[in-house]
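Next come the structures, one after another.
What follows is chain A paired twice: with chain B in the first complex and chain C in the second.
For the complex of A and B:
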C-alpha cells in the first residue's frame, strides 16, 4: 500500500482556504469604510489548522473519507466570518495573559478540536474499546449527568455548565457521544432478536421487552434528567437519534410509530405540566402576542430574516447591534443562523445548509460502507445526531419548530460544541479508514 | 469620489464572497458525483456474494489464518472433507455446525458436536441469528462473519 495523497481533499481545500480571509476583508471594508487590513492573523490561523490536519492525515497514511473534513471546514469558516462580524465582547477568554475576543477564542477551540479529532482518527485502530465496554460508557454517561446535577450551575434557566478551572464545560455535549456508543453497542448485539420479534397487541407488533428493557431504562433515565435540567433541545436530539438508530438496526416501522406516539403524548404532558415548555410553545405559535417580553428573541430573529431577504444586506451591513446591545439575544450561539441569513440572505444560508447536508451525506455513506454492524450503527448515530442538531436549531431560528436552544455544529460559538463535533468527525474518519483498509472500499 | 469607488469595490467583493461559496459547493457536487459513479461500478463487481468468513485463528493450518471464505446460502462445517467448509483440527467434529442464510439473516446451528460451537465466546445450544461482525469459534478455529 503506497502513500495515500488525499488529492480529492486537497482540491476542495484550496478554495475553502479563501473563504475566511475574503469574508474578513469584506466585513472590515463595510465596517470601517477603509481598505485597512482586517484580522488577518485569525484567517491565517484557521488556514494553518486546516493545512496541518491535512498534512498529518497524509503522513499517517489515513485513508478515511476525503469530503467529510472539507465540508466541516467550510461550515466552520462561514461561522468564523459571522462571529468575527459580531461584537467581540459577547464572549471570549483570557488565557496566559492574552485577552482573546470571541472569534479568536473560537479559533482556539477549532485547534483543540482538530487535535482531538486527529488523535481519534489515527489512534483508534479497532473498535474493541468502544463496543466491548458499552456498559462502562453508559456508566460514564450517567456520571456526567450526575456531575451536572450536583456541581452544575445555571445559565438562562438551564443547568448545563460545570466549572473546570478557567473554562466552563457542558457535559451534555459529551453525553451525546457516549450515549450513541452505548446504543450502537447494544443494538449491534440484539439487533437480530429485535428485528425478528413477533408479539402482537392489536395492529402493532410489540418488541420483545426483555431485550429492549436495559436500553429503554437507561434511555428513560437520561431523558428524565435532561428534561429536569431544562435542556429541551438536547432531549429532543437524543430522542430523535435513538429512534433513528433503532429503525436502522431493525428496519421496523412499528418502532418508529410507537416512538412518535410516545413523543406526541410526552410533549402534551410536558406542555400541561411544565411552565417553561408551555411558554416556548406559546411563543412559537404567536411570538407577536408579547413582542417585547417572551416573544422578543423570536420576533427579532424574524425581522432579521426579513431584512436579509433573498440576497442579504451584505457582510458587515446587517443591523446587528441596536443601542449598545445585540438586536437578537444570544445571536452568537443559538441564533447564529439568523445573523448569517441577515447578511448573506437566502442564497448564502442555503449554501451553508448545503454544506451541512454534505457532512450528513458522507456520514451516512461511511455507515453504509462500514464492515460490521457496530461501526455502521455508530456512524449512523453520530451523523444523525449532527444533522438533527442542525435541523432543530435552524428550524427553531426560522419558527418552523418551537425554539430549543442548542448549537449549530461547527458554526455557533462554544468550546464544548466545537470539541464534541470534532470528536464525532474523528470517530467517523476512523470507521471510514478501517472499512477502506480492510475491504478496499472506494475512499 | 473615493467613497463611490469603495462602495463599488465592496459590492463586487460581497458578490465575490457568495460566488466563492457556490464555487466550493460546485466542487463538492463534482466530487460527490464522481464518487457515486465509482461506487456503482464497485457495487456491480461485488454484488454476487452474500457474505464471507474471515479466518482469524487456525492452529491446524486448514483453512489458513487470514483466508477469506466466500459463503453460499447453505454451508456445512466440519472435519469431514465433504463439508462445504472443511476444517483440519482435532477439536472439530466430523459434522460440526451448519451456517445458513435465510430471509435477511445468517443463522448458525450446532450439529451435535463434541466440543460445541461458540458465538462471541458464548456456547450455543439452539440455532441463533448472527450479525455481521460476529465471531464464530469451532474447535480451535476462530472466524468472523462479514457482509
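For the complex of A and C:
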C-alpha cells in the first residue's frame, strides 16, 4: 500500500493550531493585561505535539480514523486553556530542577500520552497479546486493585493512589483498560451462547449460568473493591461499560434491564448500609439544604453554571474569587467542566460536549467497522468507557446524577487520566488501522 | 450482528448526550437568574458588600432600614429593634433573614417589578437599581405594642381584618440587628451572644413560636360547631351544670373545670359558656362535632399547613399545627375522645402560633372570611437621603379572603365574643380588654381570653384574641392576638394589653 497522507486529519488540525494559541493569548491578556511568554510556550508546545503525532502517523503509513485525533486535540486544547487560566499552584511537579506549573505539567503528560498512543497505534499489529491472555489481564487488574488497597494512600476520602517514586499514580485508571480487554475477550468467545439464552425468569431471559459466572464473579470482586475504596464514580463507570458491552455482544436489552435492576437494588442496599452513600444521595436530591456543608460542591458548581449563562463571562473574566481562591472546589479536576461552562457559556459547554460526542461516535464507528468480534467489542468498551466517563462527570456537575469524583477525559488535570485516555485512543487507532488495511473499510 | 448493536448503542448514547445538554441548558439559561439571586450565592455575598440596598419604610414613610456606603462597603442600619423580627437583617457575614431575604432581589435591584424591564436590563448590562419598600405596619402602633410587652417573652400580631394588612407584629425578646449588619469582622461575637441567650431572642415568636392555645381555641371550636350545624347559639347540655362540679368522664379521663371564681354553675348556652370560659361546655361541643369534623374545620382554618404572610412570591412563612404529633402536611389525629374533648377547649395535644390565632379573630371580625395576610404595601423607586419617593412601582393588596364559616355563624360568634368582654359574667374575666377603659367610648371590643396550662410548676401562658370595633353595625378595624409567655391568666396580662393596643389603633387611624 502506498503512503496515506491523512489529509482530512490535517485539514482539521489547521483550525486547531490557529485557534488554540488565540485561546491562550486572550486568557492571558484578560487576566494580566500583558502577554507573557509562558502561555505562548504552552501553545507552541501543544502545537508541536499535535504536529509530531500527525507526521509520525503519516510516516508510519497509518490508516486509522482521521477524525478521532482532531476531536481529542480540540478537547484537550480547551482543557489546557482552562488549566492555564486557573491558579497554577493548584497542582504541578518539580522535576530535574524545574518547577512546572499545573498547565505545563499537563502538557508534559500530553506528550507522554502521545508517545504511548503512537507506540500502541503503530506497534500493535496483532491483537493476540490482548485476546489470548485475557485471564492474565484480569489477574493483573485484580493485582492492581489489591495493591491499591494495601499500599494506596487516600486523597479526598478515596483510596486511589499509589506512590511510584516521585509521581502518584491511580491504578483505577489503568484498570479501566485491563477490564475492558478481559470482558471483550470473554464476550467474543461466549457471545453466541449468551445470546441464545434459554432460561427465563418471568419476562426476563437469563444467560446460561456457567458462561456468565466467571465474568460475574470477577465483576463482583471489582465492584466490591471499588466500593470498598469509596470510589463510586469509577464503580458506576465500570458497571455501565460492562452492561453496554454485554448488550452489544448479545443484542439483549433484557440483560441491560437486569443489570439496571441489580444496580438500583444495589444502590438501595448501599444507601441503607453505608452512611457515605446515603449522604451523597441526600445531597444530590437537595444540595441547597446545606449549601455551606454537604451540598457545598454541588451548589458551587451550579452557581458557576448559572454565572456562565448563554454566552459566558469570557475567557479569563469569570471564576469570581473570594479571599484569593475560586469559589468552585476541585476546579482543575472534578469541576473543570463547570469552570469552562462559566467562562464560555452554554455555547462553549455544548461545543465541548459535542467534541466529546465526536470522539465517542468515531469510536463506535471503528467498532462497527472492526474486522472481528473481539476488536469490535474492545473498541466498543474503550469508547463507551470514555463517553460514559464524560457523561457521568458532566451529568454530576449538572445534578443530573449524584456527584462523583472522576475526571473528564482529555480535559481534567491528571497524569493517570491523560495517559490512560491516550492509550485508549492508541488501541482504537490500531483497531481502525487493521480494519482498513485488512478489510478495506473506508478510513 | 455486532455492528447492528453498535448502531443501536450509538442511538442510546446520543440520547444521553442530549439529556446532559438539556440539563446544562436548564442550569445555564433557565435557572441562571434564580441562581444569580440566591442569598447564599458567594457571588451575591461578594457583590452585596458594595451594593446599596433600598430603604424600608413603615406605612407612614418613616425609614426603618437604610443603607450607606462606607469605604466601598455597603452598611445597613436599622432604626427600631421592634421591627427586627419583621424586617430581619442583612449581614455580610450571616446572609439575610426576614423581609431582607424575601425581597433580596428587589432591594438590591437584581430583579425588577416588571419582567420585561428585567430582560432589557440584562441585555444592556444595566447597573442594579435598588428599590424601596413600604410596610403595612405603622411604626407608632408597632412601638406601642412592643412597649406593652416590655421585656417579657411573647408575641403580638394585629391585622386589618378586612384586608389582611399586618398592623403590628411584635416578637419579644427582640434584638438590635445593627451589630450583625455592620462591619463583618465585628459581627461574630454579637451573633454568638444571641445564639447562646437562653431567652432565644433569635426566634420570631409571632410567626414561629408554637404555644398551647388554651381557651382562645374555643372561638374556633364554637365557630366550627355552629357552621357544621351540631349546635346553635341556644344549645345547652343538660349534664353540664353537674359536671362543672363533679367533672366529666370521657374515655376514663376526668375533665375538670377551671376555677370559676365563685360563679355558680348553671345551664349555659354559647354566650355564657364563652363568658365564663366553660371547659365542660366546649368539651361537649367538641364531642358533638366529632373528630373528623373537628379536624376538617381545622384544615379549613389553615391550622394544618404552614402559611405565608404575603405578597405571595416574596413571602414570610409562619408555622402552623394543631395536633402535636402532626404528620407532615396535615393535622394528625386524636387517639381518643378524651384528647378530642381537651383539644376542643384548647388543652391537650394542641399547639398554635400567634399569627394563626390573629387570623382566627380576623375571620370572625370579617364575617366568616379569613383575609390573606400581607406585610409589604408597595415597592417604590429608591430616593436619596432616606426619603420615601412618590413613584410607586408596584402595589400589593389583599390576596383575597377565603370563606371559612357562614356570615351567620361569624355573627353569632361575634356576639358571643362581645359578651365575653362586655357581658355581666364576661367582664369578670376579660373586662380588661374593654376599649372604653382606654378612652374609646363610642365603640366596643370583642374577644376571648386564654390561660394555657403547661403542666408542672410553670405558670400558664396568658392569651387574648379579639377585635374592635365589634358592636352591631361597626366595621372592625383591628383583629389581634396577644400572648405573654408564662404571663399567668389571660384576663390579668394579655387582655389589658390587647385592649390598649386596639384602642390605640382606633385613635391613630381616626
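What we mean here is this: the second predicted complex is superposed on the first by the 437 of 443 C-alpha atoms of A that agree within 3 Å, B and C clash if a C-alpha of one lies under 4 Å from a C-alpha of the other, contacts with A are read in each partner's own complex, and residues count from 1 in each chain.
Note that in this section a residue touches a chain if its C-beta (ideal position, glycine included) is under 8 Å from a C-beta of that chain, and two chains touch if they have at least 3 such contacts.
A quick note: this is a predicted structure, and the numbers were derived from the prediction, not measured.
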item: Touched partner set for A:146, first chain B, second chain C, both or neither; value: neither
item: Contacts of A:48 with chain B and chain C, given as first, second, both or neither; value: neither
item: First (chain B), second (chain C), both or neither touched by A:400; value: second
item: Which superposed partner A:269 touches (first chain B, second chain C, both, neither); value: neither
item: Which superposed partner A:129 touches (first chain B, second chain C, both, neither); value: neither
item: Partner chain in contact with A:303 - chain B first, chain C second, else both or neither; value: second
item: Chain B versus chain C as contact partner of A:349, first or second or both or neither; value: second
item: Partner chain(s) touched by A:78 [first = chain B, second = chain C, both, neither]; value: first
item: Touched partner set for A:12, first chain B, second chain C, both or neither; value: first
item: Touching both chain B and chain C, residues of chain A; value: 361, 373
item: Chain A - residues contacting chain C, complex; value: 244, 247-249, 251, 288, 291-292, 299-300, 302-303, 305-310, 320, 322, 327, 341, 345-346, 349-350, 353, 357, 360-361, 364, 367-370, 373, 376-377, 380, 384, 387, 391, 394-395, 398-400
item: Partner chain B, residues of chain A touching it in the complex; value: 8, 11-12, 15-16, 18-19, 22-23, 25-26, 29-30, 33-35, 66-67, 70-71, 74, 78, 188-189, 191-193, 195-196, 314-315, 344, 347-348, 351-352, 354-355, 358, 361, 365, 371-375, 441-442
item: Of chain B, residues touching chain A in the complex; value: 3, 6, 9-11, 13-14, 16-18, 20-25, 27-28, 31-32, 35, 38-39, 42, 105, 129-133, 146-147
item: Of chain C, residues touching chain A in the complex; value: 1-10, 13-14, 16-17, 19-21, 23-29, 31-33, 35-36, 38, 40-43, 45-46
